[in-house]
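Please go over the structures that come below.
In the two assemblies presented below, chain A is common to both, partnered first by chain B and then by chain C.
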Partner chain A sequence: MSTWDDFTKGIVKENPVFRLVLGLCPVLAVTTSLKNGLGMGLAATFVLVGSNFIVSLIRKGIPARIRIPCYITVIASFVTVVDLVMAGYMPELHKNLGIFIPLIVVNCVILGRAEAFAGKNGVGKSFLDGLGMGVGFTFALVVTAAVREIIGTGKIWGLVLLGTKYNPVLFAVLSPGAFVTLGLLIGLFNMLEARRKT
Partner chain B sequence: MIRLTVVLAVITCCAALALGFVYKGTKPMIDEQARLAEEEARRVALPQAICGVMVAKESKGVEYYEGYRFPDTTGLVGYTVKASAKGYSSTIEAIVGVGPGGEIAGMKIISQQETPGLGTKIEEVKSFKSVVDAFKEMTGTAEIHSVRVNFAAEGGEEVCLDVGIVDAMGCSELEKAVAAGDTAGISTVAPGTFKLEASDSSAVFADPALTAALSGAVLQELRREKTPWFQFQFIGKKYDDIVLVRGGTDENIQGITGATISSKAVVEAVKNAIEDLDKAIGGFKEN
Partner chain C sequence: MDVAGLLAIAVGAILVNNFVLHRFLGLCPFLGVSKQLDAAVGMGFAVIFVMTMASVVTFGIYHFILAPFGIEYLRTIAFILVIATLVQFVEMLIEKTSPSLYSALGIYLPLITTNCAVLGVAVLNIDKSYSFVETLIHGFSAGIGFTVALVLMAGIRERVELADVPESLKGVPVAFIVAGLMSIAFLGFTGLVVE
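Presenting the complex of A and B:
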């Protein structure tokens, strides 16, 4: 697989949310607004890139029997860094994302990439894999959040998009709306992928 | 076996060291954010003092703030005090505002880590509307793009009524203007009125009819929408009126379904805070 493929596979072909259906908890919970979706996506990307980088760097020194605790320690460290930096410099986003920042530790996309890719490949490839997966994850969060925010509030990034006469469909920003939006987006993604192949 | 232990120990030590540096680097900023959040919480808890000053006091081991209506120490409107109690999975901390007669003026929870979806409902706000949207809806005026409370020097009971619903920036800008002696624009607006800025920012207007519509009950309704519903129930109540029940009425506090321990903790925190304050100031005024 080429270097370019290592990066792009996470965005479309193996998009963690739309194709692999992984890490759905934050996708459903924090995509009530574009700001939150982007914030969570960037936080997860930082952790993905950082953990993939470190795991691939130290992989040869880690005995197979304790690889999972080692990976979790690395991932948890990066999540703590995100948590502290966000609390200090982006308090509003930190409050909005709340418990879902510490929960990045158990995001299966991150542990999954450490186990399936970074633990078996070199630093460069793992870095690109993490970056690609992070961009793909962020893309999924941003698209889901944008759809929900536009339908649910008539706005995007706080700016009025659908005019003052639009009657917001509150359902979209509530929990059931998250499931319906995500389901429709996964369907759309599958349809586009099927068309691309034929 | 020893190798496994050593490898894991080395990794955890490196992680701890790195996190120590990050913690040290971010601590001043996190402390500053906590201070700002507490300062804002005091204004939310005691909205009557939004444009006034808060003076730190300490008596009988209780730290509290006296809140004044004006940017000097005239016109005491109440006190704020920190409250805390053990909830279901965290210590819930709140700032409680109490009027001179012992009635709760407002409150704001500043720290809690309760169960998402259950205990966290102590901070649940039902309205998704922004302040400006809510004002637009209530007044039927589509052009409003910002709402600012106006500081009035005398007599206006409704001046700076609702920090919880009004952009606090309006006040700090106002305070700056007062400090700089630039009060020309301010004195032309009657006490208790609002300055509404239209989409054309030069067209600042103070329509008397609109002002009347925004006062009193409307503001109270807006505050109800923007304050977490559980906390809103405490406003106006005195110590003896704070009774937690299931399916409560206006006279008591309705607990959160599935989060009884968190609900009880907030009640306990508020009651403790009032007790502490009562002790510290030597008793509330009788109405």
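Presenting the complex of A and C:
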């Protein structure tokens, strides 16, 4: 597999949300607006790249039996960094994302990549893998958030998109809308994948 | 400390702000273990137990260790390690004391470490600055809320398996749509408790 593939596989082919169905809690919870979705995606990407980098760097020094606690500690340190930086420089976003920032620690995408990829591969490859998966995760958040914000409020990024005649379907930004939107999006990706194969 | 306040926390965590359907916590086990009713009940009880324990332990850690030393910013790291250890400890304890319970819950226990509802309840308790009794009630009823959603979902999914679902919606997508419909039903509880 070429280096380029390490980066691109996470975006569409092995998209963590739409294809692997991992790390779903934040995808549903913070995608009420595009801003929140993008913020969450970037925060998770930072943690993913950072933890993949460090884990691949120290992988030879970690005894196999205690590798999971070690990975979790590395991930939790990066999450703490994101938490503090965001609280300091982006207080509004920090408030909107709420408890989902500390919960990046238990996002299965991140531990999954540390275990499945960074623990077995070199620093450069792991860095690219983390970046690709992060971009894929952000892509999923942005798509879900955009669909929900447009349908639910008629706006995108706070700008009026559909005009005053459009009657917003509040359902899409409430909790049930999150489940239904994501379900239909995963279905759409399954359909596209099935078409591509035939 | 009044009983009405505690009741409000309990009803709030079980019905109004249901952890799965309203707060979106613990979705991985919600989708993963809801294919069979028996497994869902087992997982549900394990989660109630661990969530209550985790609430109590993280309350102690935060108020007696982190807060006096002014190192509250370490709570994410401290909590996740404590929860991971706790789950391991609970697993060993159950194995020694009650082999029958262990064989019923055994395989679900390790999965709970990565259940974001457990860390979520610990963080929420701190964010809402609950007292010890409130923490205990909140942890326990959050677990009940999770179990209610999981068991209902498992019952519905057993039926959906037999239904004629479009090819690309089979499996996870249709489960999400079912969850969406359940979430609409739970929206009906909004306003039951005035926070």
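Criterion: the second predicted complex is superposed on the first by the 198 of 198 C-alpha atoms of A that agree within 3 Å, B and C clash if a C-alpha of one lies under 4 Å from a C-alpha of the other, contacts with A are read in each partner's own complex, and residues count from 1 in each chain.
The working rule: a residue touches a chain if its C-beta (ideal position, glycine included) is under 8 Å from a C-beta of that chain, and two chains touch if they have at least 3 such contacts.
Quick caveat: nothing in here was measured; it's all calculated off a predicted structure.
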| item | value |
| --- | --- |
| Partner chain(s) touched by A:Val105 [first = chain B, second = chain C, both, neither] | second |
| Which of chain B and chain C A:Val173 touches, first, second, both or neither | first |
| Partner chain in contact with A:Leu159 - chain B first, chain C second, else both or neither | neither |
| Chain A: partner with more touched residues, chain B or chain C | C |
| Chain B versus chain C as contact partner of A:Val81, first or second or both or neither | first |
| Which superposed partner A:Leu28 touches (first chain B, second chain C, both, neither) | second |
| Partner chain in contact with A:Ala64 - chain B first, chain C second, else both or neither | neither |
| Common interface positions of chain A, toward chain B and toward chain C | 69, 73, 76-77, 80, 84, 98-99 |
| List of chain B residues in touch with chain A within their complex | 3-4, 7-8, 11-12, 15, 18-19, 22-23, 26-27, 29-30, 33, 37, 113, 116, 120, 128, 136, 142 |
| Residue ranges of chain C in contact with chain A within the complex | 21-28, 31, 73-77, 79-81, 84, 113-116, 119-120, 123-124, 127, 166-169, 172-177, 179-181, 183-184, 187 |
| Chain A to chain C touching residues, read off their complex | 21-22, 24-26, 28-29, 68-69, 72-73, 76-77, 79-80, 83-84, 98-99, 102-103, 105-108, 111, 174-180, 182-184, 186-188, 190-191, 194 |
| Chain A to chain B touching residues, read off their complex | 58, 61-63, 65-66, 69-70, 73-74, 76-77, 80-81, 84-85, 87-89, 91, 98-99, 152-153, 164, 168, 170, 173 |
